[in-house]
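Note that the chains take the letters A, B, C and D in the order they are written out, and that residue 1 is the start of every chain.
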Amino acid sequence: MDFSLSKSQIEIQKAASAFAKGEFDKDAGLKMEKEGRYPAETLQKACDLGFIGIHFPEQYLGAELGLFENCLISESLCRRDSTMGLALCLTGPGAECILRAGNTAQKEKYLPGVADGTLFTAIAFAETGQGFDLRGLKTTALKNGEGWVINGKKPLVLNGGTAGVYMVLCQTDPAADNPDPQMSLFAVDADAGGLSWKDAGRRIGCNMLSAADIFLDNVRVGPDSLVGDKGAGLALASACYKELHVLLAAQAVGIAQGAYDRALDYIRQREQFGKKIGAFHISWHKIADMATRIEYARTLVYRAAWAFDSGKLDYSLAAMAKMTAAQTALAVAYEAVQFFGGYGFTTEYEVEHFYRDAKFVDLFLGSANTQKELIAQMILGKMK
Amino acid sequence: MDILQYTAAHTQFRERLREFCQREIIPYVDQWEAAHIVPKSVWKKMGAEGFLCTNAPVAYGGHGLDFLYSVIVAEEMTRTNHTGLAATVHSDVVVPYIVSYGAEAVKKKYIPGCTSGDIITAIAMTEPDAGSDVAAMTTTAVEVGGEVEINGSKTFITNGINADLVVLAARDPDAENPHQAVSLYLVEDGTPGFERGRQLEKMGWNSQDTAELFFNKCRIPLENRLGEKNMGFVMLMEKLQQERLMCAVSAQFAIEFIVEAAVSHCKTTTDSKGKPLSKYQGLNFQLVEMMTNAHVGRVFMEKLVADHMEGLNVARETCMAKFWHTDLSQKTAGQALDLFGEAALAERNPLVRSWRDLRVLPIFAGTNEIMKIVVGKMSGL
Amino acid sequence: MDILQYTAAHTQFRERLREFCQREIIPYVDQWEAAHIVPKSVWKKMGAEGFLCTNAPVAYGGHGLDFLYSVIVAEEMTRTNHTGLAATVHSDVVVPYIVSYGAEAVKKKYIPGCTSGDIITAIAMTEPDAGSDVAAMTTTAVEVGGEVEINGSKTFITNGINADLVVLAARDPDAENPHQAVSLYLVEDGTPGFERGRQLEKMGWNSQDTAELFFNKCRIPLENRLGEKNMGFVMLMEKLQQERLMCAVSAQFAIEFIVEAAVSHCKTTTDSKGKPLSKYQGLNFQLVEMMTNAHVGRVFMEKLVADHMEGLNVARETCMAKFWHTDLSQKTAGQALDLFGEAALAERNPLVRSWRDLRVLPIFAGTNEIMKIVVGKMSGL
Amino acid sequence: MDFSLSKSQIEIQKAASAFAKGEFDKDAGLKMEKEGRYPAETLQKACDLGFIGIHFPEQYLGAELGLFENCLISESLCRRDSTMGLALCLTGPGAECILRAGNTAQKEKYLPGVADGTLFTAIAFAETGQGFDLRGLKTTALKNGEGWVINGKKPLVLNGGTAGVYMVLCQTDPAADNPDPQMSLFAVDADAGGLSWKDAGRRIGCNMLSAADIFLDNVRVGPDSLVGDKGAGLALASACYKELHVLLAAQAVGIAQGAYDRALDYIRQREQFGKKIGAFHISWHKIADMATRIEYARTLVYRAAWAFDSGKLDYSLAAMAKMTAAQTALAVAYEAVQFFGGYGFTTEYEVEHFYRDAKFVDLFLGSANTQKELIAQMILGKMK
């Protein structure tokens, strides 16, 4: 085993940190978070420097690197500013579907836009009340000549309203008796007739990006909209979740580290009862716990990212990484807020949005309950 | 056995109040959250219907009701899932200082207005650089002739913008012992030299007009001093039991509110095969654990309320409750969001507001770390 | 307020019992732990001094005292930090079956001996392959003529070796509904066909003679049936409230015993500079948290005991307490060992025995998982 | 980064697992655990196969491998049987002092015996009431001609009574005003006059090894007994703890994995209420938690072992690994006992001693409170 980053990985990490340090303005960030505005200029610069879509092939403006490098960037950006980091790293969650399963035409159509910051993408898989799996989705795509007609609704889609394309998971054989109903994945352009959206309002975190409920009302799409094979939708969605779980986990590690950095700075400066907060023994216990959690979460997340790039990541390790890192981010950010006391509760200091963003990452694409389902399915699922 | 003796009158009061909340509060909460303040008119409505200062003596214009009415108000207000109309802070934290320590004339002057809602009160203790450390207070009060001149600033003041009357803690700059240097004063809105600072923007409590207050050569009449000079620290300590108890009580009611919502969500949300989430055993057990903790918390809280009503010194147990209940509220709110899953990402889910609002409970009225220090000391550790 | 009304008589009883434990139990515990059993003579001593079956009616030879005396016995026995002399299981779990369901003659025959300690009792419910699943019981009882023939085996029977009298649950092989198939019988030591199996070696409870019991064509008189035929399940359910309550009660007392020991250790152990461990804030807060949890648990437990004494149905709350208290006991015991550090590696540290003994509490009398299932059902989830 | 084991590491792991599978007899193990007997024959075989002292240089009968390989062996053995594993892996805790700081004569004298199973060693550092650090030790070693006279007592020394040599940490300048008192480390042979011991009885776990209180009453040792430099004792003891913390952490991972294996087997077989325990949804949640903890603990421990072998392990990462792995072992073994129900509480099944051994590892050489002290010292210690 070798736990050291390669030279080029260290360079990427340094570059991302330097970029965040140079471009993220604390006050502007706090304001944008509050107002739910998108940092468009910063995205442009991030794209110019190649941070977005670094895992894309070169012909689609990527650097042909791996999930590992993508994770290093995510971690560095979120460490500097949790909301800004999420905003920059989650412009293209649907792009992974295209990248991993799309055909050449689809890649050409969508990937360069994601990499140069002109296109936001969205995944619209889940629906209300499907429990832990996606088998019960009600959105249908029915064959109509060469193409398809899509009907349904998808609640609370991240980037809803701003995305140029939606990856929509649909039932394509709703009448089938098959206990594993046939699902397929479609890339539906935002300007497709019949697609509409309604802003979903502020969220618990990640407020620089938009979110909306998406309505698909007799949306007609051509055969070229099908991503991957007909009937492969569930597998593709799961694979996409798997990659995103690791990416979110890396973001969570960044959030945890950023909250920790701020807490450590604060308790080294701030005095209470005549001594630095950091000199209180309870601070020692808390800091030791926080640091330990960050170390084990980061190490696990790196392992998951490495496994993905080595072609051997299973659902269970991805889910473990997501659950562990998100819970670490939450616990660390919680204590950071507590160290700051009353100030920690105000939006003047950053720790409160690190805490909310940690909860966002914890819930987004499945809370711990969902992750446990995925893990146990791998271990015990065969038993039934 | 019933630890607390609710009578028919209590129940009737609760029903009236619940109806009031449904009518006058809940429909407006979103609006107030956006405005970061509640209109003064709703305080007056609440006063007019008899829900403010229930515990203040009749002789001074209060309702003279027992402390259980305060508990009922805390419960029903918690169930409105907002914090702007901080009636409990007003009726059960601030006004009791006036009742206990105000001169006769002062009581007669202010308490009727506090009861009617014409006077909204706030307590100003915390300072920007002092945090939990009362001994580090820098706001000064110098008594000259029949007046007192106040200089300094306060922060994190609940009802700060709306307040018509502020109970202020300030230091005697000449006193040597920092624990025998603090006095309490009443400062009216409009007194020259008393200015509001910024309204604080926060992670939660968005309908609450939490603010900074500034005092610059602010002069008030000497009769507005509460109790003896330099005895403020003792008075604060004396009243902290009830303040911290109300924190624990509010946390307990929030926990119950959240558990009910989580149970209801899990019973009514079904998976694709019609199985409710509550029948998934892993989630079912979480609900059971949440209900159990809520039940344990309820018993602990009721016992403490009963002891408090008997006039017992339960300062140690109250500090325990303050951190135990507010910590549990964090855990419960987090678990509830997990049960909602992605649906809990959006603020349109009311439990997101609960989660945000509750985060301050382990911080204010003495952080939970301070509570543990106090319990440790009182336990001879 | 005092939730439980301890009188001077209760206090006197407790003092006598504590003295008895100091004299007759604590000096011998190590010996009994090594022997994996307590001598029958100590049961007789305990009976002779009036500490067994305090709650059984005077008319049948019991002491006719209120349930608080049972709570006192549980507390004082817990403080002996051993489990061999399982007086609570005898007096408050097994004998109540005889009191409630025994025929007049049966009660007169056995209860005086149970009270004097001449008869040690056990309850035999669990079977090797059934675990918590009563419906899977395979031990059969066939009533023929005036006799009952019993065949089968039982395991994890507390007081199994010492027991002179066993309350046995067995199935009617002809009954169709497994929940209306179980009857309860009294089997005396020495009955042909009733054999003890191995004494079980365990992680803890080392002075406890937990054993397997075998019944092979074991014939007992029909009058030894408790209550109606095939109503055993209902009787078990009826008595489970008290059994589970006693689990919670014992866990609570163990928690208090451990917290006291941990506090005392941390106050008296100093570092090289003379600073006691309890002054290290990280440890100090742990002690405060342990004390607080113990206090919360005490209030919850007392309320439940009071309700139980009033005859209320608190089955749901008792199941909550069973898992809440026994889970807390695990956490508390673990934290205490951590505070002792390496000194807690050796069994000569009494808290190691507490830690080992307590581990079974979340397992027996219905695992904590079963408790959660029951609470969930009773809560309509 | 590369999270895969090398070929030779995989072989070592396989060999250790195969050895444990072939040589550890479950019933014999349960009996030895109960009776506190040492598995001398098994140790002999383990030594013959080179598992003990694998990190020693070849001239001292080692394989010149690293802490990483030592950890892999520890993990594999403890996984198969927690008590047997600890018994085989902890015969020589004092040997690390000699290996890392001893002179050639000391290495020649002691290391081969450890590697061939004829010598047990012990560390006798801690004393009652020294709080979190070792600065307040009362045992003294006073200069006496060329040699030293040692007086003091060391409680609860693992291998006390069976060890051939004790690594004794002593004050060598007790009168000094130095706030960091001068300590030195001595290798004291068991047959030194004045050294006596008293059996400390059974422990919470690890009961195949002995433990005793050690009394040093005017024990005279020669100058060749001093390990490392005079005054370097504290640093050497800390370094020894650091290596042992990682080793204990690996043992904890093995214990966790072994308890998990047994739980998983059991719930796949055992029925309750007409279905397999593993089919209950709460089992899914528990197993997911257990598996996740094991993964993050193992990954962190491997990283610490790798860091040691790369010469860059700091005290804090070693402490994090120890704390995380021990708490994982405890939590996992606790749930394993719970899955087994009443059987889990009996000594017929192995999970109960896995649980006790987990608590042993958790407490041995410092509970979480001590580890937090070490971690926080690295982070906040400079502040004061």
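Here is the rule we go by: contacts are C-beta pairs under 8 Å (C-beta built on N, C-alpha and C of every residue); 3 or more make two chains touch, one makes a residue touch a chain.
Since the structure is predicted, the reported quantities are computational estimates derived from the model, not experimental observations.
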Of C-D and A-C, whichever chain pair has more C-beta contact pairs: C-D
Remotest chain, subunit A as reference, centres from CA atoms: C
Separation of mean Cα positions, subunit D and subunit A [Å, integer]: 41
Gap in Å, rounded to a whole number, between the CA centres of subunit D and subunit C: 38
Distance from subunit C to subunit B - Cα centre to Cα centre, in angstrom: 44
Between subunit C and subunit A, distance of the C-alpha-averaged centres to the nearest whole Å: 52
Residues of subunit B engaged with two or more neighbouring chains: 280-282, 284-285, 369, 372
For subunit A, residues that touch 2 or more chains besides their own: 282, 284-285, 369, 372
Residue ranges of subunit A in contact with subunit B within the complex: 34, 126, 128-133, 135-137, 155-156, 200-205, 211, 272-273, 282, 330, 334, 337-338, 341-342, 344-348, 352-353, 355-356, 359-360, 362-370, 372
Of subunit A, residues touching subunit C in the complex: 280-282, 284-285
List of subunit D residues in touch with subunit A within their complex: 1-6, 9, 68, 264, 267-268, 276, 278-279, 283-285, 287-289, 291-292, 295-297, 299-300, 302-303, 306-307, 310, 316-317, 319-320, 323-324, 369, 371-373, 375-377, 379-380, 383-384
Residue ranges of subunit B touching subunit A (in the complex, touch as defined): 126, 131-133, 135-136, 155-156, 200-205, 269-273, 275, 277, 280, 282-283, 330, 334, 337-339, 341-348, 352, 355-356, 359-360, 362-364, 367-369, 372
Complex contact set, residues of subunit B against subunit D: 280-282, 284-285
